[in-house]
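Chain IDs A, B, C, D and E follow the sequence of writing; residue 1 opens each chain.
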Amino acid sequence: KIGFNTPQTGFAAADGKSVLTGAQIAIDTVNAAGGVNGKKLELIVYDDQAKPKFAVPIATKLIQQDKVAMGISGSYSAPTRASAGVYQNAKVPYVSAFAVHPDITRAGNYVFRTGILGSVLGKAAAKLVGEKLGKKRVVITIMKNDYGKALAAGFKSVMANYGIQVVKEYQYSLRDRQFGPIVSSIKGDNPDAIFDTGYWFVAAPFVSQLRAGGVKAVVVAQEGYDGVKFIEIAKKAAEGVIIVTALDRDSKDPAVRKFMTEFKKRTGYGADMVGASGHAAVMVAAAALKKAGSTDRAAIRDALATIKVDAITGTLSFNKLGEVQKSLKVQEVRGGGWHYHSEITDAKLLTPPDK
Amino acid sequence: MLQLDRLTCGYGPFRAVTELSLEVPDGSVLALIGANGAGKSSTLMAVAGHVAVMGGRVLFDDADITAEPARSRVRRGIALAPEGRRLFPDLTVQENLTVGGYSRSQRAEARNVERVMALFPRLEGRMKQLAGSMSGGEQQMLAIGRALMAEPRLLLIDEVSLGLMPTVIDVCYAALARLRDDGLAILLVEQSTQRAFDIADTVCVLESGRAVWSGTAEAAREDPALVEAYLGLAG
Amino acid sequence: MDALLSITGVTVRFGGVDALTEVGFEVPEGALLGLIGPNGAGKTTMLRAVTGMVRPQAGSIVLDGAEISRLPTHRRVGLGLGLSQQIVRPFAGMTAVENVALAAGYAKTADPLRALAAASRQAERERALALLDLVGIADAAESLPAELPLGYLKRVEVARALALDPKVLLLDEPLAGLNTNEASRLADTVVDLNRQGTTVVLIEHNLSEVMRVCRHLVVLDNGRKIGDGDPAEVMADPAVRDAYLGAGSEGSGEARDAAA
Amino acid sequence: MNYSDLLVQGLVEGCIYALIAVGLTLVYGLLRILHIAHAGIFTLGAYVGLLLTNETGSFAAAFVITVVAVGFFGMAFYRLFYEPLLDKPPHVALIASIGLFVAMEEIYRIVFGATSISFLAPPLKETVEVAGVRLEEGRIVVVILAVVLIGGLAVLAGRTRIGIAWRATVSDAAMAESFGIDLARVRYINFFVASALAAAAGIMVALLLNQVIPTMGGVPAYKALAIIVLGGLGNVKGTLIAALALGVIESFGTIYLDDVLDRDAIAFAFLIAVLMIRPQGLFSRR
Amino acid sequence: MYEISLLTVMCFSVIFALSLNLITGFCGQISLGHAAFYGIGAYTAALFTTDGGSFWLALPLAMAVAGFFGFIVGFASLRVRHDFLAITTMGVGFLFTGFVRQQEFLGGEEGIAGIPDPGIGQIPYMLLCAVLAAAVIAFSLYVKRSWMGHAFDAIATDEDTARTLGIDVARYKLTAFVFGTALAGLAGALFAHYVKFVEVESFDFIESISVLAMVIVGGIGSVWGVVVAAAFLSVMPLLLQVFADFKLLFYGVLLFAVMYFAPGGIDSLMRMLWRRISGRRTAG
């Protein structure tokens, strides 16, 4: 039994649905192959509405009533941080699928994360902008949440190494959809590139409005853009946007291909990064359970700490802190779809902090 | 034309008027008088359809209109110039008159505006002024004019002289007398008994919601007990 | 005689309406003063100015030697004013006795913290019952305002004002809505209270009662004072009579004859 | 920095706010109800407009049909949900309205899905240059709509008999009725107009962003509240001016005040500042 | 344990709802921004204990800071026209979240994590919350009975008339604001040490509306009605996991239905039930 908390209603329901679908595809795949150690996996799902207030009792319930072997968070940072403490205190392993706040894994040695830290992504983006694309005058647009801030901080921490100079920074909130003033202002800044830290639903109007406003600079972004919805909304404006992400959509890997078609079949829309994260998190859990050979929670933790898994988001392993280590893909929008651009394998750059 | 048959009305559980019967024939004026809170306004508002009737009947042209909404009563020809004028203060004079004539056609409106202007020439230059910014006397003229826009056959008019200058009161009463002569029936509430007696054909005195005296205006003027009860000016 | 309440040059304008123009008069200690005048003369406005519910543009109001025209209403009440309003405003959720008891607890409610410290209402309830009895409506003590006729509510209003133990009791048409018997009984109660030392200002349209109980009259018309003094003398003044008959100086001969 | 750019962007944004807020203020003016569910009707307009466009291929036809249909929906909404609450204290209708808004968003999520849906071929996406500012056609349409619809409404209210009847009803419903005005009809028309305007705003916002999500009414829901208070509850002209003012202030604030307060807070800081100076709102007569 | 966890949520929600009931229910001041004070309490306590302060001191400190801001907001609200108050307080809520988002020392968007455990264990913590909730219930009941409650009642019905009875309306309103916001601060501090992590989204407009819904669904001004409503509504989403997809829909419909069929809220329903029971008893 694996516990799973995720928003299914309220403002975050869209991501909740993606991550749950991804996770279920993984569960079905594992069970179709006979399960783990002869037992079928079962996902016990509760809706936390992305609120810490509800995440805590849910974690307690999963641990004490449902007696899950381990938990997965398919939710945002706030509820994940809140439940991480509960899992750590109960000494039950907990894997965060896509919540990015650095403090999550600092809750203790039972908490792991399969998603990449925002700061790591940010560093990779700096390398992409400064080295691969050779752009030096950059505007950063920061989405005001932990994710956006961590990305921007990561980017700025290494940008000097690549000769990047930040012309100006802008901030906007997750709820903003009208970027007229920011676009006007960016036009005046005349940058070579724009590094945006937003999610696709904010990003699509942002990029559209940038292009409509006549800004031609290349837009470099990250996982938050990764999904077909971005292109569907931004249409022509999406062309040429480049992102750093974990999923390679041109990958020949049959697991990836299968995931993509299965996801589309179940949801009616194309796979996104959140869905892939859910998939990867379950795959990691399954591998850990297998390696532990039992449902003993301490054994599972030890298995997680040393595991190496080939998931659809790359080859994953965890460091001392429980952060994931993997290489990154660069994808670009061409002809109305995400396509392979390049890869970032700089191991040193991609090393997550271990404390 | 108007008949009240043991009318009882009031607010919530409270009875403002108890078993009041009276009659206003065509082309006549009935004056309701009585102390504050005697139930005069309540009677008028009940006839207009704004106060809940708890018992008895309201008959207009022999039809029972007790249960009709206010909106249809105005179509039958009952118009109200209520206590405190209740103009629409944010609307102009013109617009107040338009509302007054809302139950009639747009063509009738133009004609009726002329009639009101002829009656109250003072309003003529002020059609664009906001009703709320007018003087008390002008407001009272407008309230009466607004009621006339509905081409009423029965005019309900409350506290005609309230807040009016004596000269304006004269104008108003002259106008009412002329309308009465043209066949309009009027149910009138008035604090100034002299004015009421001058114009009324019949008088009804209310006290605590009950009719305590009714008769012709002449009789009222000659009945000193009545004057004393109401005015307290025996000497 | 010292003036307990003295009003000088009070002027109130609402937008363009001159509700009061430089009105002044004195209320001696122990007086029972009648304030009369036609509708819209400014009587209510005068009481509202005295209690602070309306800010006069000019003028001074002195209560017991203290200038109060700048104080907020509750402070003036604390200094000894008690008001019964023309348009009754009982607290709809409270029974008659609770309404009065709330006023009787004025010493406790004057300060929030003191109010928090006290919970017992026994003494105030008893006093409230006594006052309701005094104004003749003890039978309505446990009724909610919505169930009471206006005549009763008027007296709840009066009892509430009395419960404040005011030095000056301001009554705005307390007799309206009462029948003749009730009116004269309540008027007698007011006279009794006055004999016991409460100074009273009474606004009233019921002139027979006014003439019966008041020992001093002030007459307002159109926001100006047109009479001040002994009731019989004041009422003999033609200007005052005209005001009451709804006719002004011109063209009023006919009306005056009719009234005589 | 191009100030005229910021000004124009702010005015466009203000026009969107105005389209939404005017309906809210109409409802408040007539019924004293804070109609939170208005934002749900806005979202409904966006969904219906988008789906109809994708179905028929004609944005213009879809726009007209949606505005009319949602207008009728608003009438039904009033009849079913608000009319029985008219004589209750105002907080009752407020909470009922919040409940309805939550329920509406959830129904959209269950029926249309939680993820956004988009126009297949969004029209009015070309950009044109107006007074040196590059604007999408859609934005220009928004401004035209706001000016035409709200201006039309002002004319309707100011000059026609029905408009006079509306204002008379706001001023004193009982008296209006006693001169033959059908209160129920005035209220129906009121809800029709309010809901139709909200629907128009909904479609235009959907088009500008090319995405419709169940929760898109959230931001307009509370910002429109701030606007109608600024405009002096129930005042159409005041609402329009307040909406434009807020759009412009946000536009400049986003660039110059962003380190201190975020965009939503700027709106409310402005509101509170105004209320401290003018407790009755910018344009209230009362 | 799960039930303990739920009970804890219920207890601090009851405190939070009753704190608003003091302002809105007792004193008649509708507030749409009460979550700000909940948040101020939570942040104060969080900053204090993460900095090494004692949990036991954090509670009164949170109350004091929240009450202080309540005083300021209450003071400003005195100026505002009555039907503007709801929107003005809503603005205060947005100012709070807007301000916190931009402040590094408050953790900005990321919030404050690592709030230390009070160190008394899960059950004692629940008991502590329960005892405090009981105390707040007792306090509310007492205030309602006291002369203060009496005066609040008068102010809620008719401010102007209350003044003519010598009641200092402004000071009472301020007192209501200070008490109410201080108690909200207490609830916030308890919340912070329960979740051990605060971030601004927990104190947004939705939260303000939720708590107002608790008060009004409970029956505005009624203590027991609000307690029942708060206890129920606060954990309803968790209890309704079976409804899964329709949970929030159910919540919305419930809010509407209570207002539609019982505008007096749970309080009036309880009274009706009580009358029927006692009626039957006297009849039988």
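Just so we're on the same page, contacts are C-beta pairs under 8 Å (C-beta built on N, C-alpha and C of every residue); 3 or more make two chains touch, one makes a residue touch a chain.
The shown structure was predicted, so the numbers you read here are calculated from the model rather than taken from an experiment.
Visitor: So if I look at the partners of chain B and the partners of chain C, which chains show up in both lists?
Guide: Intersection of chain B and chain C contact lists gives nothing.
Visitor: Measuring centre to centre, with centres taken as mean CA positions, what chain is farthest from chain C?
Guide: Centroid comparison gives A as the farthest chain from chain C.
Visitor: Could you pull out the chain whose C-alpha mean position is farthest off from that of chain E?
Guide: Relative to chain E, the chain with the farthest C-alpha centre is B.
Visitor: Just curious, how far off is chain D from chain B if you go by their C-alpha centres, in Å?
Guide: Roughly 43 Å, centre to centre.
Visitor: Per the centroid of Cα atoms for each chain, what is the distance between chain A and chain C, given in Å?
Guide: Distance between chain centres, rounded to whole Å: 75 Å.
Visitor: Centroid from C-alpha atoms only, then distance chain A to chain E, rounded to Å. What do you get?
Guide: So the centroids are 36 Å from each other.
Visitor: Using CA atom averages as chain centres, what separation in Å is found between chain C and chain D?
Guide: Comparing mean C-alpha positions, chain D is 49 Å from chain C.
Visitor: Listing for chain D: what residues touch at least two other chains?
Guide: 106, 262, 264
Visitor: Where in chain A do residues touch at least two different other chains?
Guide: 9, 144, 173
Visitor: Send over the residues of chain E in touch with two or more other chains.
Guide: In chain E, the residues touching two or more other chains are 101, 245, 248.
Visitor: If you go through all the chains, which pairs of them touch?
Guide: Those chain pairs which touch are A-D, A-E, B-C, B-D, C-E, D-E.
Visitor: Give the list of chain E residues in touch with chain D in this complex.
Guide: 30, 76, 79-81, 83-84, 86-88, 90-92, 94-95, 97-99, 101-102, 205, 209, 212-213, 216-217, 220, 245-246, 248-249, 251-260, 263
Visitor: Under the touch definition given earlier, write down the residues of chain B that touch chain D in their complex.
Guide: On the chain B side, the touching residues are 48-50, 69-71, 73-75, 79-80, 82, 86, 88-91, 95-96, 98-103, 106, 146, 149-150.
Visitor: In the complex, go through chain D and note every residue touching chain B.
Guide: 161, 164-165, 167-168, 170-172, 174-183, 285
Visitor: Which bits of chain B are touching chain C when the two form their complex?
Guide: It is residues 12-15, 35-37, 133, 135-136, 159, 161-163, 165-167, 169-170, 191-192, 194-195, 197, 207-208, 221, 228-229, 231-234 of chain B that touch chain C.
Visitor: State the interface residues of chain A toward chain D in the complex, per the touch definition above.
Guide: 9, 11, 13-14, 16-18, 144, 170-173, 175-178, 180-185, 187-188, 201, 204-205, 208-209, 212-214, 229, 232-235, 267-269
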